[in-house]
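In what follows, a single structure is set out as C-alpha cells and then discussed.
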Amino acid sequence: MRALKWFVTAFTIVFLFAPLVVVAIVSINENRYMDFPPEGFSLAWYGALWTDAEWRDAIVTSLVIATASAALAVAVATPLAYVLRAYRIRLTPLLYSLGILPFLLPPVITALALQVFWNATGHVGRIENVIIAHGVFFSTLPLIAISLGMETMDPALREAAQTLGANPRTTFRTITLPLLVPSMVTGYAAAFVLSLNEYIISFLVAGFSVQTLPIKIFNSLRYGFTPTIASVTIVFIVVAATVFTFAAMFGNLLRFLGADPATLERDRG
Amino acid sequence: MDARGGLKLEGLVKHFGDVEAVAGVDLELPPGKLISFLGPSGCGKTTMLRMIAGLEKPTEGRVYLDGADITDRPPHLRDIGMVFQTLALFPHLSVAGNIAYGIRIRGVGDRESRVRVDELLGLVSLEGMGDRRISQLSGGQRQRVATARALALAPKLFLLDEPLSALDANLREQLQVELRLLQQQLGITTIMVTHDQREAMTMSDLVVVMDAGRVEQVGPPLEVYRRPATAFVARFIGSTNLLRGRALPDGRVGVEGGALRVEGGTAAHEGDEVLISVRPEDTHLSRGETDESNGILGTVVFVRDLGELFECYVDCGLDENVVVAGSPRDRVPVEQGDRVTVRFPPQACVVVRG
Amino acid sequence: MSERRDPTPATYGVLAIPIAVLAVFFLIPFGMIVATSFYRRIQGGFYEPAFEVASWQRLLSDVFLERAAFSIGICLLAGAACIAIAFPFTYFLTRMRRRPHVALLILVLSALSLSEVIVAFTWSVLLGRAAGISNILVWLGAMNEPVAYQPSFIAVLLGLSYIAFPYCVLTLYPSLTRLDREVTEAAQTLGASPWRTFWTVVVPISRPVIMAGFLLVFVFTLGSYLIAALLGRPEHWTLSVFISDQASFNANVPFASAMAIFLTALSLVVVGVVALIESRTRRVA
C-alpha cells in the first residue's frame, strides 16, 4: 500500500509536471528553434514577451479581460449568493441553478450563444463583449465560494449585530460583507485565472479583433513552435500558482474546494 | 431603582411549520431581576427568548416592554443586549471592536467610545486586552467579551441564551457567580435561558420552568424546589420520589402499602388520583417494621455513600424505588436486603399535578 | 430555527440585478441559438429568420452521428483513465499532513488553471519530434532517431485526460476528506491490510462519488476544444471543435446552433444523472 501510495503520488506529479518541465527547458534554449537537449542558456525569449508589441498587447488584453470579468463575476455572484442564503425566497433552487448553469455546460454553448447575441445587436468584436461573456460564464465560481461562505457563517453573528442596534443594511456592511471577503477573494482568484486561460469563448465572441493571450498562442502555433510560446507558458503557470497560493493564504481555498472543516483544523497546532 | 425593563408576555404562541414550539404563554416579569427560563431542550425556552429579542416573530400574542407594545419592532430598535449560545463574537474585529460595535454604529466618536470600552473591560475584568484578537482568547475570556458587548449600550433588557454552556464545569460555576454579581451591581432586568437547574438556582431571582411549549411554574428558586407545582417540575429540578395514590375519606392518601397524611390536606375528592412528591433528603429511614405514622414498609435494594451524601434505594412495591438521602453522619446502618420502614413527614409531602 | 429572513421589496430589488444580468447575457442568447437552429443559412456566411428543420435533419447525417459517437467514446475513455489515477491519488492526498496536502492541491490547481492551448502546446512538444520524449530516448541511446507521436488518437486522449485530471481530483476531494478515518481504522483493527481496506472499504463507500466524478469528467472533456483541434487530425475532432468550426470557418451558424443544443441536452442528461446519484447518496447517509 505504501508502495502504491508513492507510485500514484509520484506518477501524478510527473504526469502533471512533465510537459511543464519540457517547456521550461525549451523556454531557456538559446537556439531560435526548439530542440532538445537545449543548447546554451538564454532568457532572451522572456524579454521578447515585453519587447514584441504583439505579445505585450495580448498579455495586456488578457489581463484587462481577466481583471474586469472576475470583478463582474463577483459582482453578479455576491448579491445572488447573499440573498438566496439569507432570505426565504421561493424560487431559490431554480435561481441558484441559473447561476450554475453557464459553467456546467460546455463553454462552446455560451460562446456560440453570445456570438449570435452580439451579432444580432451589431455590437461586435469589442473587448467588453469578452468581459461580459467571461463574467457570466465564470460567475459560477464566486457564486459557489460565497454561498459556502454564507453557509458556514454562524447566523447568530448577524443576529448579534441586530440586537446591538444594527439595521439589516448596517449588519450587511459591518458583519456579513467583511466576513465574506475571503470567499470573494477565492471566487475572484478562480474566475481571474480561468479567464486568463480561456480560449473558445473569447475566440467565438470576438476572436478576429480581440487578441487574448491564448488566441495569440494558438495563432502562433500555426507558424511553428518558438521558444517565445514556451516562455509565455511558464509565465502563465507562475501567475496561476501565485494567485492560488495567495488564495490559499488569504481566502478560504481549502473550504472552497470542499475540505472537511475537521481536516482543516487537523495538524494546524 | 427605576422601573426600567418590566416585561409582559401575553398569549405568546410560536409555530414552526407543524411544530408548536411555544403553546400560549402569559407572563409578567418584574424589572431589575434575573429571571431564568429553565427546561429540557426543545421546551420552547430559547424560542421565547428569541421572540423577546425580536429575532422570531410570534405566531400569536404580544410582547410589552415597560408598557410599550414591541411585538412588531425589529431587534435593532428594541434596546436589548444579548449573549448568544455560540457567543457570536465577530471574528474580524478585536476585543475592543466587538465591545464598541453597538456604540460605533450609532456614530459615537472614537475617544468617547474608547472611554466606554475601557470602562466595560474593567467591568468584566479584561483590562488592557482591548487589542487582542478573538481567536487569542480563552473560553472564559470570550464569554466576558460577549457579556461586555451586550451591556455596552446599557440596554433595558439583558438576554442570555445558555451563556455558559460552552465552558467546562469549574469555570462555569465561577462565571455563574460573576455574572450574578454583575447583574445585581447593575440592577439590569436579565432573562437567562438554561437547561441546568443548578445554574438557574445559583443565579435567579425568579425561575420560569417550561415544558413542551408551556410554563409549568413560576417562582423563586427555593419555592420552586420546595413546592413544585407539577410532577414535571418536581422531577426536573432536583430528584424526587413520586408517590401515586387515591384520596381517602379521612383526607389521607392511600398508596400501595399504607396511607399518608399531607400537611394542609389535598383538596381532592374521595377516590381521586393524587400524586405526592417527597424529596429524598426529606425522607427518613428506620430499621425493621415500625408503626410510625406516614411510614411504608420496604426492602433495601441498593446503598451508596458518596462521602458528602448517603443514598439508599428501597423497594416499597410502588412504581419506582423510593430514594432516601441524607448526610453520612446521620446514616442509618442498613444493608442490601434489610427490611426497613420509610417515613414521609406530612410537612414534606407536596401534592403535585400529573 | 429560522435563520432566513422574510424578503422585503428591497430584497427583490437586490436579487433582480444578478438575475437580469444572467437573463440578458445567458438565457436570451441561449434562446437565440434555439431560434437560430431553425433559421435558413444563406450564402456568404449569413443566415435569415425562417422556420426550417434542415439543420436538425443534418444531426441525423452519418458525418454528425459518427462525430457524436467518437466524441462520446473518447470522452468516456478519458473519464475512465482520470478516475483510475485520480481516485487513489485524492485518497492519499486527503490523508497527508497539511503542508504536502496544500502543496499538492496547489499543483493540481495550477494544472487546472492551465489554458487548454498551453496544455495542447506542451503535450505537442512532449510528443513531438523536435524536443520531446523521443529526443530524450535518442539522447539516452534507446532510439536511433526521434519520431512524432502527435497528431494522433493517443495524443488527444492524453491531452483530454490531462485537462480533466484536476477537475476529477476536485470532484472526489470533498467526499474523500469527509471519509471517516475511524472507518478505515476499524477495518484495520479487524485484520484488514491497508490494501484490503482500500478495496473492501474505501472504494465501495465511494462508489457514488466515483460515478459522479467519472460523469463530470465526461461532460468536461466534451467541452474541450483546443486539445482535439491541436493534438488530433480532423478525424479526431470532438463535437466542440465541430461546432466552433461550423460557427466560424464554415459560417453555418444554424447547423452549429442545432449541434450546440444537442450538446446541451447531452450534458444536462449526464448532469441530471449525477444530481440523482448525489441526492440518493445523501438520503442513504
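Chains here go by letter, A, B and C, matching the order in which they are written, and residues are numbered from 1 within each.
FYI, a contact is a pair of C-beta atoms (placed from the backbone, for glycine too) under 8 Å apart; a residue touches a chain by one contact, two chains touch by 3 or more.
Model, not experiment: these values are computed from the prediction.
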item: Distance-maximising chain from subunit B - centres being C-alpha averages; value: C
item: Centre-most chain [mean C-alpha coordinates]; value: A
item: Where subunit A and subunit C are represented by their mean Cα positions, the distance between them in whole Å; value: 16
item: Distance from the mean Cα position of subunit C to that of subunit B, given in whole angstrom; value: 58
item: Intercentroid distance (Cα basis), subunit B paired with subunit A, Å; value: 54
item: Interface hub residues of subunit C, defined as touching at least two other chains; value: 2
item: Contact set on subunit A toward subunit B in their complex; value: 154, 156-157, 159-167, 170-171, 174-175, 178-179
item: Complex interface listing, subunit C residues touching subunit A; value: 2-7, 11, 14-15, 17-19, 21-22, 25-30, 32-33, 36, 85, 88-89, 92-94, 97-98, 102, 104-111, 113-119, 121-126, 128, 130-132, 135-136, 139, 162, 165-166, 170, 173-175, 177-178, 193-195, 198, 219, 222-223, 225-226, 230, 240, 243-244, 247-248, 253, 256-257, 260, 263-264, 267-268, 271
item: Interfacial residue positions of subunit B with respect to subunit A in the complex; value: 53-55, 74-78, 80-82, 84-86, 88, 90-92, 101-102, 105-106, 149-150, 152-153, 159
item: Sites on subunit A touched by subunit C in the complex; value: 1-2, 4-5, 8-9, 11-13, 15-20, 22-23, 25-26, 33-38, 75-77, 79-80, 82-89, 95, 98-99, 101-102, 104-117, 120, 132-133, 135-136, 139, 155, 168, 193-194, 196-200, 203-204, 207, 213-214, 217-218, 221, 225, 229-230, 233, 236-237, 240-241, 243-245, 248, 253-254, 257-260, 263, 266-268
